[in-house]
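Next, two complexes with chain A in common: one pairs it with chain B, the other with chain C.
Now for the complex of A and B:
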């Protein structure tokens, strides 16, 4: 099926000239994926059924492999898996037939024609079924009409049982649908696994929260695993001072990249594209224009009053970083640092504590970073304040800002509508890779 | 006249059928159970997609019906409008005003909220 005969090669080449890529981000994958999007002639895809390329970025944890194989099987033909190798030695993801492996730093020299030729090649090993043709559970021929079900609730139509009922908020018995969010949903933090119970499009309860990344002890050389934008802060934590400029440049690039992802999810693709392209820039005018555009009416209407964390909650759950500062809690390791004090650093806080406030805190911090970069010179600092908040070394290990902010997620999801939940999760800017550090 | 309608209907069916056939011919898809698995952002779906949920926006439907029926009253009115003139205009104006008060009431009662 599909025009695979050689005489149709031209048509296939034309149809898949710009393949759609679905990302899976492992250790160190975020930066690799962003670089990939910058250089490769591909479009972002948000669902595997719509994708041609499965892009495995970074070091893929072994525990993901079966899940990824099942995911790869749902890609339509032609399909191809790519692996973006991180800058350190690690084993390639098992089981999935890799079409190409791209070594760290070689993306710019990649021959993209070879990739698309391999993609449309009907002989490539990914174009045959990889898993046996079996339904999730036997159902054929069972039940009154052979649909697999007995009566209203019993049985397994098409191999999957029906959802059970549960009382909803006006005492009606309605279906309580177990739904999983993550670990591979582009736009949400990679590795975040949520077990939700949905009634209609509203979350009745969040029953479980797991980190897909296995725990990793924090040693000085583990800085590379710390998630995007954290390297300078983690270096400061190990006792080696970094320059203020380095720390602020990382924060600025991280916040701009986060905003790009957020706007992409909100459907503002053009603006997201602009922010992604300029995320490594420190040009005040360019960034100011982008920030002003991003703070427009659409996001304000979307984010105001959603996912509110009040000051009490922020204090009770010990939140950190921009999330705490958006709820009026002035925590920032930089405020106690002599270098920052000399530069006249002042913490920016908001009081509303909603999605919009968290967005505004980050835009304001971008502006602040640019101001600090101009004045910083070669001032050194040892403030372990990453873009998501401060790292704290304790007796029994490290507590990361994401690990602290995950408490707010677990509490805050109950009762949210689906779109609100997605905005809420993204506004917390979680990085599960960072949360796995101990 | 019937011949024209029949021709159009047949042409429509043929065109739609051709699109289906072209789609099958051009698309390369695997037709196995694991390939048909719905995407639940990585995890395996636990239950079937059929589920019953509360259509909390049913107020919308009721209000829509109300104004749909208002339009039904306008048909006989439109027939005599030219004959009766201003008086008919005023009467319909009053009718619509009363219904508009209904909208304001529904608005206050938050009937236009999705959930």
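Now for the complex of A and C:
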């Protein structure tokens, strides 16, 4: 890379004073990442090619190392890797040359000029290639471009299967392209890997669904692994009552953060930033203003009729939380809890069962949480109802709301167009960390 | 010929300078409106942000993907900027401040806008990447939707002047009524299409977040800078043509005509940039339906009404009955 000569140093410093960051969220990473976005002078990058910082948030599972190496290698120079350490002791992500490790709770005191200095320093270890510049698999195609013997068939160029022609829904012969989605697609659940077959931008089939987070037994002493916003609900599950205020604050913050991710995908970056910034606020007016803006009429048109899960489906697949409630199934552990009954809690349901209904349920629950917070005082509850739904302890372990709602994902993806699929996945609010709990 | 007597390269330099200033203005506004939508008030250093972003791209490395189609991939940003600059040659800031007042000026700049399809498809095809490719052919769908309403609306604008020459269209408006008064419906349709051509705001299905920035996904460094510049320049151009087409060109009191044109261009482009932050993106299938079922008939109604009005009252188009 040119322009690294010292005489350019001043301009480089100016240019990279506000770097772009690409997130990878491990155990406990979601909250760390959101806090990072709030405090650090950075912009979110959705494409690793144009990112400067790879932000590894939380405890990174060991099995991610090779994938992360390849991902970091995609970042063009200058680049730097940061690790946001969670609030518990764990090993640093292996093999990636970390520029900085930021301990839990120290973000506010970080010297950001030091970070950008390190970023533009040509001597920083991240500037040298980490992987050899060679194809990921040997060439096994036929012909110059892997076009094979006949037509488009034959060969597996560099280990990738060629697209085969398939009949589509209009009885046309259209290439059937194997495509992978995840596990680090910004805005989609971290760790979610989908093996899709695409015809054009329509999903013909979802062939595989993997969770990048390795399974982890539920330990009552270590509820920190339970996914974002779940800590109070998991504590209630272990039998230790929590205050209603704690449970509702966690729900409100989680829903607002989710809404921010959704609006980013809908192209409303500014509004998303506002929601994220105020997600820990309980100021009724501020939040009401943001919710009203977010519920604008055109957003309704974006989500209506997409990814419909009817009531029968929701019951058949045992869906939980806002996803079930948006399909008209009034399931909520809080409704059976005496503390909530005293506060006059009533379950909010919608009937449409589409992306918009799930959005509506969450906005209503935000309002509900604010009302409950005002009246809750120090009421205690033992309802294990997290922001994504109730946890159920069974004999052979724990079933989490995400694990239950993943059924809907597998069933619902077929036939959706790409943007519908992305909105559908986000609307289910999956947390793969939570799904890994056993 | 920008002021007769000057050489042609002078016009090109002035035009490029004005476009760079315009892009700066739009990029800074974009930042301001984003902060505004986030409830943060007005950012004071917003005017610096575009400079910083531009420099950052220049200092950033360009890295190819595996087996890209280099010629098409790298030509795409250049084509985007090129077609924009080409279309601006027929834009009159005043009767004398114009690159070339072609007798078919209207046809020329719409033909240039049609090339946006080529640029986006190259940008999608070039990097040999699935998300970019999907983004590339999404634009084909978008164009199928906006192209007809845009073309019909522009025909209706040429109708009162009975000319495809932009100078004549402006002169007719200055003699009689501005087209925004004569055909407000057409103006609204034009504004909508003006956001669709540079796939801006609610029409950003091409550099879309759900495709990890689509055609920009694999770009970095200088080519990305050129692509982003081209997109802002295209938005600016679409806003600029609203001025001679609907807003009476350089007409206005006290100030000289070119200044009035520039002021109007800045205003229209600010409206377009602002709208981008308050309207969520459209669904391509729905917009296709809206365009063919609603916008095309509406633009035809507009065309018919304008024709009828001028037939009954020729003075509306500045002609003596």
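The definition used in the following text is that the second predicted complex is superposed on the first by the 413 of 438 C-alpha atoms of A that agree within 3 Å, B and C clash if a C-alpha of one lies under 4 Å from a C-alpha of the other, contacts with A are read in each partner's own complex, and residues count from 1 in each chain.
The rule we apply is simple: a contact is a pair of C-beta atoms (placed from the backbone, for glycine too) under 8 Å apart; a residue touches a chain by one contact, two chains touch by 3 or more.
In this text, all values refer to a predicted model and were calculated from it rather than measured experimentally.
After overlaying the two complexes on the shared chain, residue contacts for A:49 are found with chain B and with chain C alike.
When the two complexes are overlaid on their common chain A, residue A:418 makes contact with chain C while staying clear of chain B. By the touch criterion defined above, A:185 reaches both chain B and chain C.
Looking at the shared chain after the overlay, A:71 reaches chain B, while chain C stays out of its contact range.
When the two complexes are overlaid on their common chain A, residue A:267 makes contact with chain C while staying clear of chain B.
In the superposition on chain A, contact is made by A:199 with chain B only, not with chain C. In the superposed model, A:352 makes contact with neither chain B nor chain C.
In the superposed pair of complexes, A:177 makes contact with chain B and with chain C alike. Legend: residue contacts after superposition of the two complexes on their common chain; A:135 is shown touching both chain B and chain C.
Judged by the document's definition of touching, chain A residues 1, 3, 15, 47, 49, 74, 76-78, 135, 158, 177, 179, 185, 200-201, 417 lie at the interface with chain B and also at the interface with chain C. Those residues of chain B that touch chain A in the complex are listed here as 24-30, 32-37, 39-54, 56, 114-115.
Interface residues of chain A facing chain B in the complex, by the touch rule stated above, are 1-4, 15, 47-49, 67, 70-71, 73-74, 76-78, 127, 129-136, 156-163, 168, 170, 172, 174-175, 177-185, 188, 193, 199-202, 417. Against chain A, in their complex, chain C makes its touches with residues 33-40, 49, 52, 55-56, 58-63, 66, 130, 134, 137-138, 201-202, 204-205, 208-213, 216-221, 224, 276-286. Interface of chain A with chain C (complex): residues 1, 3, 8, 11-12, 14-18, 46-47, 49-50, 52, 74, 76-78, 120, 135, 158, 177, 179, 185-187, 198, 200-201, 263-274, 277-278, 286, 289-290, 296, 298-299, 301-302, 417-419, 422-423.
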